């Protein structure tokens, strides 16, 4: 019975998201081509990294958005656990696949950047390793969410997990830095380039791409939340119809 | 034509750069399409159920 | 306090009655270590170099094995509802169960690690640091593992799921522990890393009982 009323009236969210969604998706659709133009055509090759610096324009914003997604997920889960706000649960659930996709993009593009620059597909470098662990945290969240028959319970269990994970993320990052020290110590010498120092000509494509990613994130978040709300409504409608049907079967209607 | 090919070669690293962009595009577009499809499916399911329920079908806010 | 000790004693007694569980965890640990020379080849220098990391990875995986029984037994037998309703705060109950879990799995792992390091031709300089690091790390394993175990009590599948949730969170323990032993083997000072392991244990003590208790309340609703 809880489910019946819980999601029965997020009408305000549906109205509001219906207003924001077109704008966010228009911004995403417009900024991606502009960002691509700046990144692929209207920016100079880097002195050290040559043309491969162009991968940075889709790699770095993906890393930013991955971390941002995880932070949002933790914040939404905290709101859901403390105030039992049903929309917050839906938000956290909707963010997870988007965040996992951002980490995936970050990992694959990082690897494709590493091969021509470092001469190897994968380096156990602090940043790559911590993003890999972040990917596992996203996957763990989604799997735990799905492991429950009751979606409200799944949401709360996964929410607790994501909050614990959020506390441990800085520790993971720190320990992975130590891992990197250890490879230097053992003398495994992969000649590495420092993080690209941001030149002004690189700043604009990076910022426009980041804006495009952010708009994409918001649009998808809203679509997925609306989808989840509709799913909850479908579930409650089904339950109501089933109840009515069983009641009709027990007490035949009198003329 | 030469300039065009040179541009795509990206100084010899073209295949890495273009595959990075292709993967990113594939993942982003794939997720977007999957999300929108499931949203549409849910909405039509909701409308059908509401019609069965006796109410007039309405998609909440008139948005696509 | 009495209730706390009673829970620890009860869990340890139960574990001792079913000694095969503890023994199989240690045996898994030994077997995993034995598999490495068989897989990589018995070259002594190579084994000495990978010894610390191998022992830590195997210890982590062995600890995972025992986790899904941590709360599942109580949940199946209905004891979990009693623990939730007990006058002792559920957080303290979780802490007691973690302590018991550490006594029956963590301590045997600590004791068997030095013997296994001999099998892998690890240098003697790492012994003391290995034991100290394990002593600081295994309670963290039990505590973080308890969160995973508690969150999956009400789920459809436990087992592998617990490892999937918990192992990413345990990477710092692995990195710090193995690095500490390697530093000691190289003749360097490993104290800072041991202190970091201790700090992580403190964070785990503060955070994990709360999270695990929340998970258990969810499971008994």
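Going by the order they are written in, the chains are A, B and C; count residues from 1 in each one.
The criterion applied here is as follows: a residue touches a chain if its C-beta (ideal position, glycine included) is under 8 Å from a C-beta of that chain, and two chains touch if they have at least 3 such contacts.
Keep in mind it's a predicted model, so treat the numbers as computed, not measured.
Of all the chains shown, the one with its CA centroid nearest the global CA centroid is A. Across the assembly, the mean Cα position most removed from that of chain B is the one of C.
Centre to centre, using the average C-alpha position, chain A and chain B are separated by 16 Å.
Centre-to-centre, using mean CA coordinates, chain B is 44 Å away from chain C. A straight line joining the Cα centres of chain A and chain C is 31 Å long.
Chain B meets chain A in the complex at residues 10-11, 13-14, 16-17, 19-21, 23-24, 27-28, 31-32, 35-36, 38-39, 42-43, 45-46, 49-50, 52-53, 60-63.
Contacts from chain C toward chain A in the complex involve residues 144, 147, 151-152, 154-157, 161, 164-165, 167-169, 171-172, 175-176, 179, 182, 186, 193, 196, 200, 203, 207-208, 211, 214-215, 218, 221.
Within the complex, the chain A residues that touch chain B are 11, 14-15, 18, 21-22, 36, 40, 45, 50-52, 54-55, 58-59, 62, 97-98, 101, 104-105, 108-109, 112-113, 115-116, 216, 219-220, 223-224, 226-227, 230-231, 233-234, 237-238, 240-241. Those residues of chain A whose C-beta lies close enough to touch chain C in the complex are 81, 133, 136-137, 139-140, 143-144, 147-149, 153-154, 156-157, 160-161, 163-165, 167-168, 171-172, 174-176, 178-179, 182, 185.
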